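Down below are the structures I want you to see.
Both complexes below contain chain A, partnered by chain B and then by chain C.
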Partner chain A sequence: MPLLIKMLLKNAFRHGLRTGLTIAGMTIAILAFGILTTVVDAWYAGVEASRANRLITRNAISLTFELPLSYYDKIRQVEGATKVSYGNWFGAFYKEERNFFANFAMEAQSHLDIVTELVLRPEERDAYIKDRRGAIAGRKLAERFGWEIGDLVALTGTIFPGDWEFVLRGIYKGRDETVDESIFFFHWDYLNESLRETMPERAGQVGFYIIEIARPELAGAVSKRVDSLFKNSLAETLTETERAFAMSFVTMTEAIMTAIQLVSIVVIVIIMAVTANTMAMSVRERLSEFAALKTLGFNRAHLSFLIFGEAMVITSLGAALGIALTFPAAQLFRSELGQFFPVFNIKPATIYMDIAAAVIVASVSAVIPSYRVAAAPITAALRRIA
Partner chain B sequence: MAIPISYSIKSLVTRKLTTTLTAGGMALVVFVFAATTMLAEGLEKTLVETGSRQNAVVTRKGAPSEVQSSVTREQASIIESMPGIAAGAQGGRLAAKEIVVLISLTKRGTDKPSNVVIRGISSASAALREQVRLTEGRMPRPGTYEIIAGSSIARRFEGAKRGETLAFATRQWRVVGIFDAGATGFSSEIWGDADSLMQAFRRPVYSSVILKMADPLRFEDIKKAVESDPRLTLEAKRETEFYAEQSKAMSTFLRIMGTSLTVIFSLGAIIGAMITMYSAVANRISEIGTLRALGFHRSSILTAFLAESLITGLIGGTAGLVLASFLQFFTISTLNFQTFSELAFSFELSFWTALKSISVALIMGLAGGLLPALKASRMKIVDALRSV
Partner chain C sequence: MSAPFIGIRGLSKSYMRGERALPVLKNINLDIAAGEFLALMGPSGSGKSTLLNLIAGIDRADDGSIAIEGVDITTLGEASLTAWRSDHVGFIFQFYNLIPVLTALENVELPLVLKEMSRKERKERASLLLGLVGLSERVDHYPGQLSGGEQQRVAIARAMVTDPSILVADEPTGDLDRASAEEVLNLMRRVNEEFGKVVIMVTHDPRAAEKAHVIRHLEKGVLNAAPH
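This part shows the complex of A and B:
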């Protein structure tokens, strides 16, 4: 066995420059594949992070329509609903339009009671709940703008025009790495009171309700109960699990994600062509050598194995390098594009797919050369001068 | 003295498999580059053609799209009576007060919902959009729950064909016609009577006022009139600019993605070309020596090998481009982040995209072939001839 590995390595590196280049190509391909797969995963991060015991109720027409606050008490009485909170998508930006991030006005106490994956220190939590103008921000968001606790943060509204001032009372961390740490939350009451003064017709409206249910199995039944409460009313509701809700955002941009997935396969096909080319060349140059092995009694299977093994050496070295580089590359991605992909984690599945890709590329690129070696008559091959 | 180009071509033909694989890798890179560029261009073209140079859109100050905008009835009447608005065929003013909302509809054959723009129109709306043609049925009558659907909505959404009904806002809406607006955003909209929709959605405000300018060159006057009136908290934009802004985020995203993918992928293809060319040089050392001995210059050798690599690039580039050109038959329908609504658009192949794609292929050929060709041209005649 060690002898075999030594032979495969020697053969693979007989043409140092060529093999080096092929390995470099493989590294780039695996790196690109890994990052692209992670981009697609990041897109689905919201779905991944959703909890099975939560429902979202919104206006049945579409998300841009609101629901009256009066639904709150009715939903709380629905059998199977243990806690209820509500809020609005606020859609404001910090200083400049390109400084965009997710921000919500939430009923603070019940929101933090339900969304337990947001970890706040007890004193920060108290300070936030007590201060009507208080707000909390995710760790990454606070880092991005250099906010510290106690800072005055002014946001410019797009859906609710005007300048809004908040006092940052807490910086939350995620309980695990699937939690988005770049969201900004503040008191729904603060929004509502301001609206009552400036735009009374828009006050008392809620964008969505979050319902915590006792057990995940109740999701279907509770959704139906909530929706039937408001059937044929002026604002009919649509209740679905948090996962389905998150998914509905993702599916709307599905076309682009499908394109990225396709493209990540294209890069593997490109490197397949490059590796197949390398193998085809190195076998062609050594055709007489293979003929000599044949005369010594090695059969076709042995020779095919040698060629496949050599291809495996090249692709696995490239893949190993590529995988090793994926981690720093992802780190760079996180720091540069964190605002678009708040959660950017390499999944173990991605690494397995990288390894699978290395095996597939090696197999495919060994097929034609193996066939050639097998088909070439010994005499013709021995006579041939490369 | 130059080495005839047929020498380079014949060497490529001799190594069919290698040439095909190298060119194939490049073809895929060019395909990805062309496809993303075509997509970004298709999106831009669709949204740019949605707007007309002659029209202006008035929305709430700072509203990023019509959906987020609100214009009260009083404000709308003030706009309508402003000077500088063109007169229509029947003598009325060509200004339309419209309401734009998003509704969630299900795509045909799936249970996936997507956001669709529904536009409440008034009498002047159709006259303001010359691109819009009714292909089936008739326009909705004012005061009724009748709607007409854009061609790409009718095709892709459940209940949006002529004669079918859509249920939203506690009412049933009958589709009485289908309109086609070519490659514009309107083809992805549903239109109904503004007053009926305002009533059904209980939204007492308009979203925007669209007007045709009597003299498009005097847009600045209209803008000033709108923005200096203290009763209005509104802003006016040329319709072309208004829609071009809505394509910005998405097309920038597509272009950045396309460029970075191309750069990374092309590294792979360049390496492929380099491997091929190095081996082409290594296999022909004595041939190169012979050529030099016959009196061909170093520069001729360099050119011949570069030509070989560039031809590979050209073959790959052409193949990739031909492949990408078939994409023009496809329509992509996806959510535009900026308007939060569904938009259908096609791949658009322009002359410049084609030129850029071929250049990408040639650059890959050049980058892959340069070092090997230099190596070939630097060989000493004696050494080269001595090698077997």
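This part shows the complex of A and C:
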């Protein structure tokens, strides 16, 4: 091992307790940064999962107002719209209110044709489409409640009061990790038929339409065409990209997300100050050694390398431990808070940011000590022990 | 008459104490011949360590010149002076200033890191120098495991390892007992006589100064007249 590398490694651990505590601090900071960043990512998961070739049409007044089913055929005729489906937010829970999860009544065939990221086995798909009381659930949701295919699942409605029974015909998986695997879908027809009997005034209404378009760049034009169809009608529409639609939910809580992001940055700034203090103390104690190195011919670059390297050893170890702990912590987070964060995956970008944070913390904490060592007159620094 | 190995002319140095300049060296003129062992003596604050530091190129003069082997080091920039120091000067300090996390061998090897040498060559040379100062059996010991005298011998080996032309020593025996001091002084004398190095030593100790060829006294920043 080159002598200077050996020197900086040994120097990093000369004051074991101080170095250990700084590494522990860095570990906690990176862990907190990784988890908080993942929380923010999870919050925006719906936006990330949205597809560029899909539009959502809803009532222009508010999402709580519905649209007539009769719009379906008209939207299908719009130039640029290749497929159309529709559905309602159902808002039911399983057994107890705390067992809440996203559930939708959808026109099954067209929904699965458009939302191709929901991966079902062909026989499950057929069974679901053929059974009016059939339903499909995401893999995580089925695991959460121990559901198996063929199980009778009873939900308690809130928006559509009453007990609703479904037969689980399929368990879907996400095509990639951005897909939410904790949603429950069933037939819109089943809901509508029930409403005709119990609340006929609410029958024949849909909460939203999903439109697949040929190319993402047509989004603006198709949206305008759809909305112009229903201008000045009793139920005017607002058509936007799926991303914008998902974003409209997230923006309601944007201030909280911004606060979380700020906290994650503050955590890094705090550890930066702690590491800078460690490095400053460490270098101040060894100023005469650096002076001796200067007398031997070591220049500013050599000394800066030793100081930066020492800081890098400390922050790298802390960051490595922090990153390693982020994965089990995320697993714990998923198991305890999975209903709030159905997609809770640590992105590679988060790990890259952790590494970047470690390098930035090391660099910043080494800057002032390096400058002081370089600027300190050799004679004055040598006298510090004399 | 040939030029001296080290020729110092009109050297002055002051330190600022608040807004007041405190003169430490006043118009110093000194010639040091090749192969000379010079002891600089004087009371505390007389300027002897300052003069040593200026000759070694680790401090800057306010005025005057220091020509060493024809190079006026007062005109060198920071980087050039660092490189010159690495090639021409070996340092021996009162408190040894060894790197505690490195073994005796690694401490001696350290200055060679800056030279274009293979690792094997560096180790061989460092071992040779440790053998020269009688520490062949202590190569793997850390400074904390060595006595004061042994540490100072390691420091002498480190000072010698780059084969500099000048050795500067600031109170090299100031932290040692009499026996260890005698060993260190004999070693410095040997380095001077056998290897022809110029040795400049600052000391308070008259018995240490006796080992030198020439003793010069400084008082209040002024060098006393040379003995005839």
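Rule of thumb we're sticking to: the second predicted complex is superposed on the first by the 381 of 386 C-alpha atoms of A that agree within 3 Å, B and C clash if a C-alpha of one lies under 4 Å from a C-alpha of the other, contacts with A are read in each partner's own complex, and residues count from 1 in each chain.
What we mean here is this: contacts are C-beta pairs under 8 Å (C-beta built on N, C-alpha and C of every residue); 3 or more make two chains touch, one makes a residue touch a chain.
For clarity, every value in this text was computed on a predicted model and none was experimentally measured.
A.B. asks: Using the touch definition from the top, say if A:Leu112 reaches chain B (first), chain C (second), both or neither.
C.D. replies: The answer is neither, since A:Leu112 touches no partner chain.
A.B. asks: Touch test for A:Ala24: chain B only (first), chain C only (second), both, or neither?
C.D. replies: Only chain B; A:Ala24 stays clear of chain C.
A.B. asks: Have a look at where A:Phe65 lands relative to chain B and chain C in the superposition and call it first, second, both or neither.
C.D. replies: A:Phe65: touches chain B, not chain C.
A.B. asks: Using the touch criterion from the header, give the chain among chain B and chain C with more contacted residues in chain A.
C.D. replies: The larger set of chain A residues in touch belongs to B.
A.B. asks: Based on the superposed arrangement, let me know which partner A:Thr253 touches: chain B (first), chain C (second), both, or neither?
C.D. replies: first
A.B. asks: May I ask you to decide whether A:Val263 touches chain B, chain C, both, or neither, giving the answer as first, second, both or neither?
C.D. replies: A:Val263 sits against chain B, while chain C stays out of touch.
A.B. asks: Residue by residue on chain A, keep only those touching chain B in one complex and chain C in the other, then list them.
C.D. replies: Residues 385-386, which sit in both footprints.
A.B. asks: Can you list the chain B residues touching chain A in their complex?
C.D. replies: 17-18, 21-22, 24-25, 28-29, 31-32, 35, 39, 60-64, 67-68, 101-104, 112-115, 168-170, 201-202, 204, 233, 257, 261, 264-265, 267-269, 271-272, 274-276, 278-279, 283, 332-335, 337, 340, 342, 388
A.B. asks: Using the touch definition from the top, list the residues of chain C that touch chain A in their complex.
C.D. replies: 49-50, 53, 56, 58-59, 79, 82-83, 85-87, 89, 91, 93-95, 97-102, 106, 109-111, 113-114, 158
A.B. asks: Could you please specify the touching residues of chain A with respect to chain C in the complex?
C.D. replies: 2-4, 6-7, 10-11, 14, 288-289, 291-299, 302, 377-379, 382, 385-386
A.B. asks: Spell out the residues on chain A that touch chain B in their complex, using ranges where they run on.
C.D. replies: Contacts found on chain A: 17-18, 21-22, 24-25, 28-29, 31-32, 60-65, 91, 158-159, 161, 201, 232-234, 236, 238, 248, 251-256, 259-260, 263, 266-267, 269-271, 273-274, 276-278, 280-281, 285, 368, 385-386.
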